[in-house]
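Given below, in the form of structure tokens, are the structures.
Shared between the two complexes below is chain A, which has chain B as its partner in the first and chain C in the second.
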Partner chain A sequence: MPRTLLAFAIGFGAALAAGWGAFPRVLYQKKVQPIEFRHKTHAAKSGTSACGDCHALRDDGGFGGIPATASCAGCHGEPMGATKAEAALVNDYVKPHRETPWLVYARQPANVRFSHAIHTRLAGLKCAECHGAQGETDAVKPYEVNRISGYSRDIWGRSMSRLRRAPHEGMKMTDCEDCHRKRGVEAGCLGCHQ
Partner chain B sequence: MKPSRRNLLALGGGAMAGVVFTPLPWKLLDDTAIWTQNWPWIPQPARGPVEVKAAACSLCPHGCGLQVRMAAGFPVGVSGAPAHPVSGGALCPLAFGAHQLNWHPRRLHEVRRRGRAASWDAASMALRAAAAEGPVAVIDGRPGRGASAILRDFAGKSGAYITAPGPEERSLAPYAAWSGVPASALGYDLESARTIISFGAPLLDGWGTPGRFTRLWSTHAAGLGDPELRLIQIEPGLSHTATLAWRWVPARPGSDAALAAGLARVLVEERLVPAKGPVPATSVADAAGAAGLPADAIVELARMIAQRAPALAISVDGEPAVAALNLLLGGGIVQRRETAAPQAAAIAPRAVVIDATVPWEYEPASGAEVFRFAAWDGGGSKADWLLPAPGFLEEITEHPSAPGSAVASYALSPALMDAPADVRGAAAFVGGTPADAVLARCQEIFRARNGGLYRRGAKDAVPLASLESAARLQDELLAGAVWVDDPAGSRKVRCELKEWPAAAAGTHRGGWADAWSAPVLPPLATKLYQESNLREVPARSRI
Partner chain C sequence: MKKRRYGMVIDLDRCTGCGACSVACAAENNVPPAAPRATERTGITPLRVQPVSNGASGPARREVFIPLMCMQCGEHTPCVSVCPQQAVEVDSATGIVTQMPQRCLGCRYCMTACPYHARYFNWWDPEWPAGMEKTLNPGVATRMRGVVEKCNLCHSRLHAAEDKAAAANQREVNPADYVPACVEACPTGAILFGDLADETSAVARAARAPQAFRLLEKLGTEPKVYYRSNRPWVRALAEPRTVPAKEVQRG
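Now for the complex of A and B:
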């Protein structure tokens, strides 16, 4: 009887270790961004701290997203230093006028419509409330892609259990619903899915 | 120490129990569900610049204004165009997903002859051969387009050009018979009415242009105890419209003619309206017996109708007695300022060409060879030829006046996506050039210089006279503008009614072309959708 219990406990413990330890490592694959980028340095050198100065809303309310390579060319038309990353930016993207294939942490499925204008202008949300304090980071974090769904780990959030998450962690539909419920704002199905 | 079978089972049991307390099964379930959305054969819109283009819906003849959200040049979302002069920003729920219909599994991609693959050449030869043997009838679901002129010209040589009236147009058939004006040029002046008596017409549930009556109702009636606009719904069942109406009168099925006659009798006898035209022979007691209502209720209803003028009576199926009641009340039927489709003489055609604008359910009950154009196979067609037509926003689409509208209008939708290689419209198939026909229609409107142009999002119209050419008008229309005639251009219809009409007789043109029941909704609207609560009923939360 004690041996049976021991075997059960070993199985139980092994499953816990696999589920909490090994499974996330197998599920997510780490990828590096095509070039290095430092939000903090750019903010300091350009003298700006507002996200919208680079990630701007267009006149029609659409979100401009990550600035185009042409925006980089103003300063990085020629290498500003001798680092490999600088050479890669200038030679691979700026000079050939190619867009940088950034891996977007917040990318949602194609059936989701999200208006940055409504959330930032009308609701007055700060960018960091959903994206975290990206503007203060010294390097872009690795992009972790879910091998099954193909989306970023940031959509689910760092915590596998989704318990005790920081407010900006997680961008699943339930997170949108929770926030809307808390603020008493109805969006309906067609508010996000068109 | 050798592990026993019991130990292995316990180990497995422990693992099974343990895994439940990890994220593994739950996360796998979630990810697998998302994985199934991304299978390679599921169409995915491309990633790219997002822009919003103006268009109008072509699923039914009402042409509601659309804002089409495009990503990388592909439509990915549809919403109503605010301030659109025809639909006022409203859409039926089907239109919200219309951009997905081009990928519908029942999309027609090839010519079919009695269920088997065929070619355009074979279809063309078959039509030519049929035309040589006898007259050809052409059925058009949306008269008033440039393409309609091509179809009319083709039919005019030896056959008949016939329009397939929708429910709103068929409800106007008695007025067409009494005035001589084709029903396709008639409309209801809903905007002036202060009391509307609907004999079964689902005014708040898919009848007429989405947004036209619902907006009026939400502004002047919804949630008000004594509304400015009174809607009296007469029908046996408690429909959506009946639920929301100011008064619901549960009359027996098939009693519309008797009840209309009874109401007319009270209105005349009590001098509630100026006496004009014939008086029905039906007594109030007879009407009460037929409708299953107390006679007092009919008298009270007539007084209620007369209390708040102008009143307008609408029948769902073109009941002549309801139309006669409406004339007694003052009419509210107008003739739009536009060239109406001529009435075709009844013929026995050798072949029938059905345009893609005709609802799928239209089945001509004749022995003719049927050439049916459609973008989607609605199933169960008896057509000899199924000919694939361009789908939603795959070609420049014309939107003439909506059926039942009080004012003439015209809009164009640009082609927002490429059509499949082997599709053609009926106008091109019979030898016309649709692009030239569109320009010709614009020239016709431009020459008349009536009305104005509502540019995208604008609340006020720009006078048409301010444009320099018809080509400029076409460009403006393709950019999202809508031409709307001056309301003063529509005039009240004069009907000559010598005697009170018999119930539902003698108002339809007759023949096989009218012997069908037009649906309110396009062919792919499912029964589930039709019976759901998805249809637009504004201010539902206030009820």
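Now for the complex of A and C:
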């Protein structure tokens, strides 16, 4: 009998390891951002740590997202150093006036309506509450795309089990609902879908 | 945010039947050009303009064009009560009957239940001529084959108006910022849109006028789309006379 139990335990453990360990490696494909960007360096050199200075909310309520190449050109019209990333930015994007094809970690499916204006201005949420402390990171992390759904890994969150995850981890509908329920905010289906 | 009841009053005496509202609606809501095999029954026209005549011939003949869309029923909303997926609800804040196609399983009960034939089934996946997909409205998700859709009162425009208000730290939407595409496109200004819950609004006053009427009012579904006409025969079209009233009236 103990042998059967042992076989079961081994099989169970192997299945779990495959599910929690190996499967995510197969499921997600790592991609590097086109430019090596450092939030910390930019914050220090520009003397600002306010997210909204670069990731601005427009007056019409729309969210600007990642700044356009034109805003890089102010400082990076010519290479500001000898690094490869610097040369790539200036020669590939700034000089030819091309937009950088950033991979957006928080990109949601097309039927999701999310208003940065409502969440930051009216609800008073801080950016880091959903995005984590991106402004303090030294380098941009690799973007991981789900091979099946095409969504960013940040939507599900790092933890496959979704247990003990940080508050900013995960951007699934259930995460939106959890927060809405906690705050007693009702939005209706088309409050958050389009 | 205060409770609103968005609705409209369509002046049938002003409607020339040009169809600009239909086109604007399709462009705003990413309705694709009709599939090659689509018929009048299987095409998607969340807003269609229906010509109706008084039945007479010769000089006595009169015609009227009736723009038909979701009537935004406020009571006993038939599509809501039959939907097994809860893919449609009456939004408590706005009174809009909101259809969420992503949740729809395609059973089409709602299409049978809707007394106004205002719901449409996607028989085919949407296809746009090359290049035209660049003109799609980013505020409205396209629908796939196998789901039902209908007029959501240009909900993406409400979203945009809410965002704009929020950017200015306002909770209340400026009425001028939320105008559905059909209302905006109508060259004769036949469609009046606004908050019916606001007694002083132009739309609420127009809805109370004696010339105003609603289609199939006796069903008790309390539509929020009103029509108005000075012509009695047009107003009489609202209730079909071929069906005995007791059969359709709610007990």
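Before moving on, here are some points about what is shown:
Convention: the second predicted complex is superposed on the first by the 187 of 194 C-alpha atoms of A that agree within 3 Å, B and C clash if a C-alpha of one lies under 4 Å from a C-alpha of the other, contacts with A are read in each partner's own complex, and residues count from 1 in each chain.
Definition applied: contacts are C-beta pairs under 8 Å (C-beta built on N, C-alpha and C of every residue); 3 or more make two chains touch, one makes a residue touch a chain.
The structure presented is a predicted model; accordingly, all values stated were derived computationally and were not measured.
Applying the stated clash criterion after superposition on chain A shows that chain B and chain C collide. Legend: residue contacts after superposition of the two complexes on their common chain; A:L190 is shown touching both chain B and chain C. Contact with chain C, but none with chain B, is seen for A:L57 once the two complexes are overlaid on the shared chain. Touch criterion not met for A:Q134: it reaches neither chain B nor chain C. Applying the stated contact rule after C-alpha superposition, one finds that A:I148 touches chain B and leaves chain C untouched.
Once the two complexes are overlaid on the shared chain, A:Q33 sits clear of chain B and of chain C alike.
Judged by the touch definition given at the top, the superposed model places A:Q108 against neither chain B nor chain C.
Contacts of A:M160 after superposition: chain B is touched, whereas chain C is not reached.
Of the two partner chains, chain B is the only one touched by A:G13; chain C is not.
One of chain B and chain C touches more residues of chain A, and that partner is B. Aligning on the C-alpha atoms of chain A brings chain B into conflict with chain C at a single listed stretch, 165-173, out of 165-173, 273-281 or 363-371.
Across the superposed pair, chain B and chain C both touch chain A at residues 60, 62, 109-111, 113, 190, 194. Against chain A, in their complex, chain B makes its touches with residues 3-4, 6-8, 10-19, 21-24, 27-28, 30-32, 34-35, 37-38, 44-45, 50-52, 69, 71, 76-79, 96. Per the touch definition, chain A reaches chain C in the complex via residues 57-62, 109-111, 113, 115, 117-118, 121-122, 186, 188-191, 193-194. Considering their complex, residues 87, 89, 91-93, 96, 98, 100, 102-103, 139-142, 152, 155-156, 159-160, 162-169, 171 of chain C touch chain A.
Those residues of chain A whose C-beta lies close enough to touch chain B in the complex are 3-5, 7-16, 18-20, 23-24, 27, 60, 62, 109-111, 113, 146, 148-151, 156, 160-161, 190, 194.
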